[in-house]
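Two complexes come next, and they have one chain in common, chain A, joined by chain B in the first and chain C in the second.
Let's turn to the complex of A and B:
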């Protein structure tokens, strides 16, 4: 059985986003701009089970971005705080398993800061380039 | 720990230097690091504090009686009170700035869609706060009992008012209403966890500096301001009066409030909730500690004819459908309608296969 370190990595990025942080025209623009990136809508980033993120990593996804609202601007009171904690725990577990923890990233931005997700996706692509991942 | 981070006798000084140097950080980074548009609400709160402090000082010298009011205001603006003119001008301009910043804060939250579903309570309270702010500002313009005050009173259909009426306006609307505003503010803040109530130190310094310069350069003119017809810039606080007739003003305000209250009802989501599978629930009640709305309670569930166990139960009315409990549930027995575990897993698998 191959270990998790030796699993093949595809040039694929998945964005788990909160439905109130990324929606409407903004979401459509991002989908048009990055056709190779998968967008998964959640009711809140606090809804994300890290097991699902690990499942995606095991399936060979290159990088995972969790995109939510700022810490003091959550629609659901504390969802993004739980998400932050869970992503932090998932990163330490990934490190222990031998997976690069930077493949999981957590971004908190205001819905009117349009450029942030674009920048993060480009940074992740550069990260995959430096890892030597090819399409 | 490096030795430089240990105790320093100049710690307050360090704080001040770091804080003032933070100004350059803000200027350099511009809208990148500290987004001033995110601090509009907290600047409004800072202005409320300025109003309370300056109003506290002014209330020592102001006399709420028909013949003494104007004289006492003149006394405040004379040289006998140090910085009297500055404090009164600050009190006037900060009120105008408060209305402007409150409106900007509302527009910002509206464009970011922060007024819908679970955040609508804060929006409704915010509308009430805007109305109160404008009301308090208008009563503030009546207090000096000058030409402008009689114009405002004529607008409300009262040529002359009694001594008691002035006292009521002063005590109830200019001192009592701000206390009510504080009560409403608690409600306004309570719906967000860790609300950014106070702006950053550097931003407060910049803002207060700009305000002080404006107040110092354009103080309220002494005697001319109190005569009818020669008013300084006042249309922000008194735009209701400047609209013309009371019917126009009343209909405009009614229309504005109706629109603002109706806005959260557009684009409302279908009400969904989390559902617990009582058969598989282990009864650890992690979800009860996680739920921010206290929507989960304990309930008895019959395993067999004479055997029961305690399971978690979601109160559908209280549930805001965020899914925090779904991700936190250890045996994975809670599911959220519309965002089911299976559906999300299938979606991720489908994306991986592409």
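Let's turn to the complex of A and C:
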């Protein structure tokens, strides 16, 4: 019978980002700064099926960050609004199923603050440290 | 247990409706021979068959899942004709939710509602007995059990309620065409929100260890999906494709696939689940899936102030957003 030890956690972080929120030089900078983090481009965060994120979590990815556009500034009109609620629902389901919901997070780009994603990635790394995840 | 008078009245109005051609059939519960403590779904199409219909505290099955979605019980209707169905409180919520999603046409239905007296968890009864049950009757306060080895036992009914029924806030059927008189004994009630809050107070690690140890028994039989009145995809469920795009989804019973399957089911139901408990009831491994659905119900209620199935108009929260959120207030 499967047991709780069958759910390994590796020190891996994946960022699902909207192609309009993170692009060009900005994306390059983040990739240079965090070579171990995977960046996955989406046409809109509203296009992300949370099952993909959850599947990654149970397969051992340490943390998932979903990075979308500012709330009133979606290129596709309202995709990020749906994404926000969906990620919240996904966190609740994950919690009910016994997967730590804090390993999944949703952050938005802030036009006045370029450090949002960097800070979130560092916070996730600290979180993995505090959970005792080995490299 | 329905009194004789109400049962006779119920059968009379159904018989009249069938004779006059108002309804093409009536979907209700009937007792099953050799299966004490169980009733099953049954479509009565002639007045004689109506005499088989019953309603008691063993009528646990949710009939609204047979009216739309995976299983479609409604026969071909003549013009102006309807199809009758009987619902408890929780079933009526699922029916309303399905009507809101256009899965079933309410105009084709003639709905009789009952005020539910709470259902008995027959597995709970069985687990406390030495021998299997030969016959079981319920007089409102006591369960009279006759066992296969000839012994008899009288059990206090209030100890054997389905725990979910005790916490159910919607015992009376909503928006029905006819509500049967409420003459059944009242069930004890517990405050659902208080119970949920005290459950959520427990440390996450403890809850996680418990639910994962339970879910690891899952055999991926998909009975919980098949029983769910809210599930949508009929024959197109991703779990039904024999050759799934490996290694994205595997049907094996590794914990990762079990959790992924349950995530798919409960994420799709996260804002639409009415907490009917049908999935927990259907599970052959007796996994307490209601712990998951009740947390989802609590989340939907506290975050979005929405209770699925209480209206046939409302859109679910994941299909909407609020203006305040856009403005970041």
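Here is the rule we use: the second predicted complex is superposed on the first by the 128 of 135 C-alpha atoms of A that agree within 3 Å, B and C clash if a C-alpha of one lies under 4 Å from a C-alpha of the other, contacts with A are read in each partner's own complex, and residues count from 1 in each chain.
Please note the rule applied: a residue touches a chain if its C-beta (ideal position, glycine included) is under 8 Å from a C-beta of that chain, and two chains touch if they have at least 3 such contacts.
Source: prediction; values computed, not measured.
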Which of chain B and chain C A:46 touches, first, second, both or neither: first
Partner chain in contact with A:113 - chain B first, chain C second, else both or neither: first
Which superposed partner A:38 touches (first chain B, second chain C, both, neither): first
A:97 touches, of chain B and chain C: first, second, both or neither? second
Which superposed partner A:59 touches (first chain B, second chain C, both, neither): both
Chain B versus chain C as contact partner of A:72, first or second or both or neither: both
On chain A, the residue positions that both chain B and chain C contact, one per complex: 50, 55, 59, 71-72, 78, 81-82, 86
Chain B residues touching chain A - in the complex, by the definition given at the top: 35, 37-38, 108, 111-114, 116-119, 191-196, 290, 292-293, 320-324, 326-328, 332, 336, 338-339, 341, 344-345, 347-349, 351-352, 354
Chain A residues within the chain C interface of the complex: 1-4, 6-7, 50-51, 54-55, 58-59, 71-72, 78, 81-82, 84-86, 88-90, 92-100
Residues of chain A defined as touching chain B within the complex: 10, 12, 14, 20, 23, 38, 40-44, 46-50, 52, 55-56, 59-61, 70-79, 81-82, 86, 110-113
Interfacial residue positions of chain C with respect to chain A in the complex: 204, 207-209, 211-213, 215-217, 248-249, 253-256, 258-260, 262-264, 266-267, 270-271, 291-292, 295-296, 299, 303, 317-318, 321, 325-328
